[in-house]
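So the structure is just underneath, and the comments pick up after that.
Per-chain numbering from 1; labels A, B, C and D assigned in written order.
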């Protein structure tokens, strides 16, 4: 069946798979000490433009968030996030499992505004009993957000400024970073992110890899004994080469960016198809996720031919659903959708 | 360089890789709801001979132990293990991170004896203040153990009997289960394990897969809402197909057993090579890990040509090291070792 | 200095202290197995009108919340609370420290409405990916709330109904329960609370004891091995007699109720004093906490003679502060306040 | 009934109780900001001879251990303790609940020898895969130990030396410190402890207070935002005055030392009584806990008249039991024991 259900419906991009095949028989040490990880790290550091950054690989996104946040926070601290942020809404309490609170603040189109954070911080420290509360110790954002929206460079710069004026790190969850960078409507580059954020991750799983996320610490701020902390959380792969080889491929010949570009091109066509059929979009997204509002009868009928994802109830008669494109989405998939919509 | 460093030095067995390639473009739902997981689960249930077992896939071994143990234990309980058990010695405190104590008991050649457990349990409940202590809520064993040794069917049956007479589950860590099952010196079958243990895992990472372990609950004892608990620990793969496809391959045409047989055959030859060169083995292992005691000068020289793993200091002049075989070890590797030893 | 800062500014009510003195030399076993705990539990069960309830004593309020909530929740669950609820706002993340999320919902005058909870639960289970989120496993309310407000019997009954229709327990934090029960404007009795809630605690620290809270499980739902779980959280007092003796005194000759009545009487006079001086109250409270809105200059001047507590900024020129009465507040304290306000 | 069951069988020493009565009506701020805490801290700092130490009060011993250890350890670290250490054996897993491993090492008469620790640390860092294990981040000892034994100044100095040569803190659990300091057979002073340990606690609960332990950080090493971390663990008392007043009394006119001396005097007489009756002691203890080995028939008979505590099985016919003296033990209690033994 044709599927737009998510960007993790298929395996790895052929160039990634090819590299796994080519390197399969070469013996290398475990736990990330292999030459593929080394090579991938060098390429990533070059791509972000910060040669002395620290790069580490972790198997999945929720795990990466839990590892990064819990090793960055001090005991008395929690992490600020948009109420719709992945760590607050869709990770089954993985951050709280590490013993830290997610401090959820109001959002706008999935984004956290600098003023919201700034007001919260200023009110927090004005409260005489703030030491009976959870200290805000980090700001988490996702880019693209869970609604496919993007921060502008101005917004990101302001958020970064607020964080740094309070001495707390800004962490960017780039599970779908490839699509953010290749959006037709963004002024934020990979280098900008590396400059403005203290730590971020470059998503692999949802951008063409079988699994794996690359965490980047940009300010000599990798937690001490990070490998041990990663292992303690069950997040250290014995075959560390698995993400290593894949990220080496993703950052060879701009593959990571080509994957994003391909998916964005098809997502733009998706938007046009919905528009042509008078289907409204729930939110204006410039990335690979689109959120059409479907009339319930049509939704039911469409599901017979096309897979997509329930998002939320819109009203009694309509439902918001999600369509996502990825490296494996084809023009033929779009045609099939058009036919199904007729 | 020739490497006997571990059984995770290379990629996936070619038949596993082939299946990843063949299935790469087929869209399937995420989070383990794909048809490959379904097929792999069916094959595993058939192989163990318990049709109504519950099978779940998790990315790595330490993570699997943390997930299984922490979801099985009640709040007031800890897990019994041999002092040399992986969870006690080499997982960076991953079990304690979940809030539960590892109750370490004395071992013999890496094995936990039924009497040791029985005595501990009986003393525990005889203590009038036992409710101020950690209740023993599970017994953890590894098979093969960390020293490559194996439980006999009699030993496993006795352990199982002790556990069940106290109403606590027996959990078997089968990170290297393939090599246990194919050892020339074992009377324990996969079906025996499934019958005698309440939960165990079939190791993938160290037995020919890129990553992935298959947890098997044999007594309708899968924790409720297990998926959510797995996700909460960051252990749920978005592309659940990754372990699914691989275990589907591993349990097709007995691949899992063929991998074990291959490695065991070469391990037996390894033993002979060491014996021929007058090199003593630290422990009698019938599986794929061998522990020669090397004179320090020889060790240094050998390391120039062959990779192997430091295990522990033996005396001032000797060191215990580990040699492991796996799917990718070849006769040529053994010849290279022989030459290096001359 | 005259102080209305809180209801924990002085020691124990004289009748409580007297009992500590009388019993001081009598040897009794530790950890709550003493005859004072036994007597206190019997009196509490009689007062609530449920003879087969389970009563346990814990040293403080935050600890009680952490112990009760974390032992009641399953691994995959979190606890619902008003955003202003003590566990969400003023316990330094003590619930998250146990690995569980506080699911904060909108409040009205510090209260959680049944409809708010009902809507949340119904939306939660309507979401197809709800097993990637934190399951709502308990509802937490405080009575009086953090704003001194009270649930009506109708409101409490509705909340209880919603909880029970979803099979989740209702937990009431009664840190200041004495003042709720003796309010001039309540139709909720101690027996009502015991009937409608699954677990609640009768606050000692803020109602006349030196320390100690009495947790009451009303539905044969005390977690198994509760003593061990309490000890594991560091919350088991060696001299368990300390809360035992005090609660025995508090529930002798209706002392707990007399303390509430005394404080409520003076709180009503406080309200009149503020009203007489044209000082607006931030919220309509019928309990022992009152929240006048003071002009900043007046606040500063008043603080020279009277202690009270900062609550929150009202506007540029005004501040909300808290005045609390308790067992030790006197008519003379009120007169001093009146003089200071002149 | 006459009881030697423990040193927490009665209330507070009369001088402690007197101070609670005297100060009962004086309003003071909560959470340890009262003048009693201030005064007690000053007296303790004077008694230990380190004027710039940091002193904090916590309600109970297990809680104190959990708070101190978990705030001192880094994420990748665990705490070394004797296998018989209270945190390893009798705290229901309270340290593991904070996510950290207790690294249990062999003991001698309840004591941890410097060489044992030194060997462990040196082997640990010699292991090439030590970053897959739990880093030893603190050494915990109890003084007196759980067996009533005492470290000599030489032993304590050596342990301190080993710790500091590896840069890890030495923590001393002084739940019964009063009895250690007043033993007839010790050369360790309170000042020695303060000099040699990085953090220790002066036990109140078992030394004459109703509850409360005084944690002393001697090297400007109080964790940042300690109050918030204490609150997060549910260990912050609203009426912080409760331990404050009591420790103020305990450190007035050497009461803490007088209590120890009284109990030690009677414990020496206890030893003589057992010796006179041909009853062997399980271990040579110079503090307030004595461990006679009773023939089972005699034990049963004695229990009809005297309360004492089961310790452990000695052999088929004998049992080790514990007798403890404290502030409230009298000569009459000893006489009653003698009569019962006749």
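The rule we apply is simple: a contact is a pair of C-beta atoms (placed from the backbone, for glycine too) under 8 Å apart; a residue touches a chain by one contact, two chains touch by 3 or more.
Only a predicted model underlies this, so the values are computations on that prediction, with no experimental measurement involved.
Participant: Looking at the contacts, which chains touch chain A and chain C alike?
Facilitator: Touching chain A and chain C alike, sorted by label: B, D.
Participant: Could you quickly compare A-D and C-D and let me know which has more C-beta contacts?
Facilitator: Between the chain pairs A-D and C-D, C-D carries more contacts.
Participant: Among A-D, A-C or B-D, which pair gives essentially the same interface as B-C, with more than half of the residue-number contact pairs in common?
Facilitator: Repeat interface, by the over-half criterion: A-D.
Participant: Measuring from the mean C-alpha position of chain B to the mean C-alpha position of chain D, what distance in angstrom results?
Facilitator: Whole-Å distance between the two chain centres: 41.
Participant: Any idea how many Å lie between the Cα centroids of chain C and chain D?
Facilitator: Using C-alpha averages as centres, the distance is 33 Å.
Participant: Based only on mean CA positions, could you tell me how far chain A sits from chain D in angstrom?
Facilitator: 50
Participant: Among all residues of chain B, which ones touch two or more of the remaining chains?
Facilitator: Within chain B, residues 76, 91-93, 97, 99, 131-132, 228-229, 231-232 contact more than one other chain.
Participant: Give every residue of chain C touching chain A within the complex, in rising order.
Facilitator: 76, 78, 89-93, 96-102, 104, 123, 126-129, 131-134, 310, 312-313
Participant: Mind pulling up the chain C residues that touch chain D in the complex?
Facilitator: It is residues 1-3, 5-6, 8-12, 14, 17, 20-21, 23-30, 59-67, 91-94, 97, 205-206, 210-211, 228-229, 231-239, 241-242, 245, 307, 328 of chain C that touch chain D.
Participant: Name, in rising order, each residue of chain B that touches chain C in their complex.
Facilitator: Where chain B meets chain C, its residues are 31, 70-71, 74-76, 99, 131-132, 135, 223-225, 227-229, 231-232.
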